[in-house]
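Mind looking over this structure? Questions follow.
Labels run A, B, C and D following the written order; every chain starts at residue 1.
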Amino acid sequence: MDKTVSDLATAVAGIEDGMTVMIGGFGGSGSPIELIHALIDRYRETGHPKDLVVINNNAGNGHVGLAALIEAGMVHKLICSFPRSADPVVFTEMYLAGGIELELVPQGTLAERIRAGGAGIPAFYTPSSYGTDLAKDKPVAEFDGRMYVQERWLKADVALVKADTADTFGNLTYRMAARNFNPLMCMAASEAIVQASRIVDAGGIDPEVVVTPGIFVQKVVEVADPLQEEDLNRANAAYSLEA
Amino acid sequence: MDKTVSDLATAVAGIEDGMTVMIGGFGGSGSPIELIHALIDRYRETGHPKDLVVINNNAGNGHVGLAALIEAGMVHKLICSFPRSADPVVFTEMYLAGGIELELVPQGTLAERIRAGGAGIPAFYTPSSYGTDLAKDKPVAEFDGRMYVQERWLKADVALVKADTADTFGNLTYRMAARNFNPLMCMAASEAIVQASRIVDAGGIDPEVVVTPGIFVQKVVEVADPLQEEDLNRANAAYSLEA
Amino acid sequence: MEKLSNNQIAWRAAQDIADGAYVNLGIGFPEKVAQFQPDGREAIFHTENGLLGFGQAPEAGSEDWDLINAGKKAVTLKPGAAFFHHADSFAMVRGSHLDVAILGAYEVAENGDLANWSTGPKGVPAVGGAMDLVHGAKRVAVITDHVTKKGQPKLVKRCSLPLTGVGCVTRVYTSLAVIDIENGRFVLREKLPGLSLEDLQAVTGAELLVPGAVADLVVPEV
Amino acid sequence: MEKLSNNQIAWRAAQDIADGAYVNLGIGFPEKVAQFQPDGREAIFHTENGLLGFGQAPEAGSEDWDLINAGKKAVTLKPGAAFFHHADSFAMVRGSHLDVAILGAYEVAENGDLANWSTGPKGVPAVGGAMDLVHGAKRVAVITDHVTKKGQPKLVKRCSLPLTGVGCVTRVYTSLAVIDIENGRFVLREKLPGLSLEDLQAVTGAELLVPGAVADLVVPEV
């Protein structure tokens, strides 16, 4: 068994119009920029995939990565907790013009809904958002004298994930706070596509320090020295211009 | 800040009659035998704590550890998934004589209920046990055409936990499959009391490989070369006789 | 009546496990399936107590009792193994990440119901991970003798013993046959070559559908 | 009217954080609290994006953009730090493992309701972790100017802006006073020494209870 694929284009080749795509990262840290850009490349060449539903904590920053995906017109709806950033102009303009749907979810609820999708838990109760506009139309229930909101799992067709080290079985480690949503999204997607800074043979990661066991991972592609969104934005990079 | 306590007796001194006590381990692996024996010692000296509700995957084996705790008459009720073992005589006899209550929970539901207690999720839905005797009197609901059982969180006053390395902040690692329920029980108990094979200064565990962050841990005590239940039972040890 | 040994039933079940499959084997008899993996195919075995990628038992005397499977037996590690806690372990189960779970049975009904955890109200009840496994794996298969020790059918119209799960089993490997469960009916796929359909039906507690050719169930001595 | 600077409000809030406390500071103004930890007390700071035990910002040019806080600012690691994923991070929040969360506010009501995420339907809404933090930490405190830039009370009878959480705030540190919320009422604990009770009440949108002695709110220049 070897889950390695040879290149980024191959890794994202199976993503189709209308799919739900989870994208790891919190702001730029842990964002799989190279996988996102490979998806944009495919769209430019073939017109697909489009009408994507994207799940990410944010809505992109500047004109690279997730922001570039949105700018390219590939995203129909975004599910996120915080669509603001230092340079949120791409999402903001498209949203205010009615060009993209937004489902706003409290960050802890977003994380838990994704984990629930991965863990086979169709619904759970949380105190978060009770009594607020974000709980509107959601079922509520009382437990031990306190009120809670019922939330549903989130699943995806595909997850795009950034890891530090992967082995050929798909076991993963992450780098510092770049971990964030990535392990959860591996669990909740039918196909987790992972870019890793290095790929080692099975046995190359100590079984004690594996963060994402390979059972949650379907494809891994090596991207040594991955780009950082923050560095790109400080250099005023724009993926549309680079192409 | 230093969560280290000097000895086992001090570590368990605050456990009172009627408390709910989670005990880590799966069979013997990851079972905090020295903490359990310290609790038995206290009961022999003071008559307390008694009437405990214990949450563990099993019901003890032979006459050491959890089995000895039950044999000592300290346990009023057990919540577990599998009260059988190679030598289950202590629990079996007491249960059949009506001397101890049993709440039987499917193993995955037990793990998830404990995790829910630690994560502030008062209830969740699972497919496990739907349509069986173990779902009797529990609420059910349909999601996406499939039936699920509503399960409640489990919390505890205290967790007794076995770790491999602890730092003075309570960050923990475990040894191989001795991890099992231990990290979840740290989360779900008001006070997690941990025995660790070694205690190092804060900074002595790589932040990337911490399994249980110290926020979930209240006390750590060093027990170098901890006993293994399996070894004790193969030697026909009985904690009642050792005392 | 000639029938397959437990080893042979396990061998047959092992032939249906694909390369790279993630597999959970129930405690006891189902554990035998691991011994019969076809050459060139690598299955990765999951155990409820927090380990993926374990291998066979170590030699007696070299056990490490922190490295056990769900049956509390000592195991070894294979390259690419990973440890995790119990909630993550059952996320793998409940979240449909396992490709197949192979379990034992007291009774399997034609509607896919399984009874394998309790023989009734006597004694100490114990369930373990069975109720999670039956609703988690993408494919839930059973291996079992075709009849009880008293000769009664284990494949039945409806289970009489307490259920482990509702409508969960999709294939049964028995000492006499391989039977799929489809649309609430037993569908015969393979039977021992020397066994007549009538004789097989006589020891089966519900009607066997025979929609097409029935293959010979031929298993080597193992 | 004389009032505390933001640094001084943050200083005052920091004095109530015990040694060994686990603390989450909201993005922006509340982050200042970390600068004023009393000597000899060590608080451990939690950030939603999966890190416990971070320290101050690194020098410009030496940032590592995989090591950031919830405000996406670069931070550093202190000994005893730990990384974890987002579900574990919010298990810490929702599961009441944080000792205190200190947040900013648009409005705080005498019933403990907080509005701090939205000023209305215009623009792009964004909530982040605020709705989780208000229902998770053992103690939820607010730091804020006592009035808006236009001089309107921020401590009110009922919030007019969209709520972040219901009945969640227990203490408010303002530029003029320290006020607890108990049984649905504002209870005055400390006020600037030069400020009369009448003047304070005049800029507060709900009645201030004064059940006992009101301490002087004395804060050094910081």
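Heads up, the rule we're going with is that contacts are C-beta pairs under 8 Å (C-beta built on N, C-alpha and C of every residue); 3 or more make two chains touch, one makes a residue touch a chain.
Given the structure is predicted, the values throughout are model-derived calculations rather than measurements.
Peer 1: What are the mutual neighbours of subunit A and subunit D in this structure?
Peer 2: Joint contacts, listed by label: B.
Peer 1: Which chain pair is joined by more contacting C-beta pairs, B-C or B-D?
Peer 2: The comparison resolves to B-C.
Peer 1: What is the distance, in whole Å, between the centres of subunit A and subunit B, each centre taken as the mean of its C-alpha atoms?
Peer 2: Chain centres of subunit A and subunit B, defined by C-alpha means, are spaced 35 Å apart.
Peer 1: From the C-alpha centre of subunit B to that of subunit C, how far is it in Å?
Peer 2: Centre-to-centre distance between subunit B and subunit C: 30 Å.
Peer 1: How many Å are there between the centre of subunit C and the centre of subunit D, using C-alpha atoms for each centre?
Peer 2: About 56 Å, centre to centre.
Peer 1: Give me the residue numbers in subunit B that touch at least two other chains, ranges are fine.
Peer 2: 112, 115, 119-121, 126-127, 174-176, 207-208
Peer 1: Which subunit C residues sit where two or more other chains touch them?
Peer 2: In subunit C, 51, 83-84, 87, 90, 93-94, 135-136 touch at least two other chains.
Peer 1: Hey, how would you classify the chain contact layout here, line, ring, star, complete or other?
Peer 2: Basically it's none of the tidy shapes, so other.
Peer 1: Every touching chain pair, please?
Peer 2: Per the contact definition above, the touching pairs are A-B, A-C, A-D, B-C, B-D.
Peer 1: Looking at the complex, which residues from subunit C come into contact with subunit A?
Peer 2: Residues in contact with subunit A: 19-20, 22, 42, 44, 46, 51-53, 77, 79-84, 87-88, 90-98, 135-136.
Peer 1: Within the complex, which stretch of subunit D touches subunit A?
Peer 2: Touching subunit A: residues 47-51, 63-68, 70, 72, 83-87, 89-90, 93-94, 113, 118, 123-132, 135-136, 162-166 of subunit D.
Peer 1: Subunit A touches which residues of subunit B in the complex?
Peer 2: My answer: residues 112, 116, 119-127, 141, 143-144, 146, 148, 152, 173-176, 207-209.
Peer 1: Spell out the residues on subunit B that touch subunit C in their complex, using ranges where they run on.
Peer 2: Those residues of subunit B that touch subunit C are 26-30, 57, 59, 81-86, 88, 91-92, 95-96, 102, 104-112, 114-115, 126-134, 174-184, 211, 228-231.
Peer 1: Considering the complex alone, what residue numbers of subunit A touch subunit C?
Peer 2: Per the touch definition, subunit A meets subunit C at residues 1, 115, 117-121, 167-169, 171, 187, 201-203, 205, 207-208, 210, 213-216.
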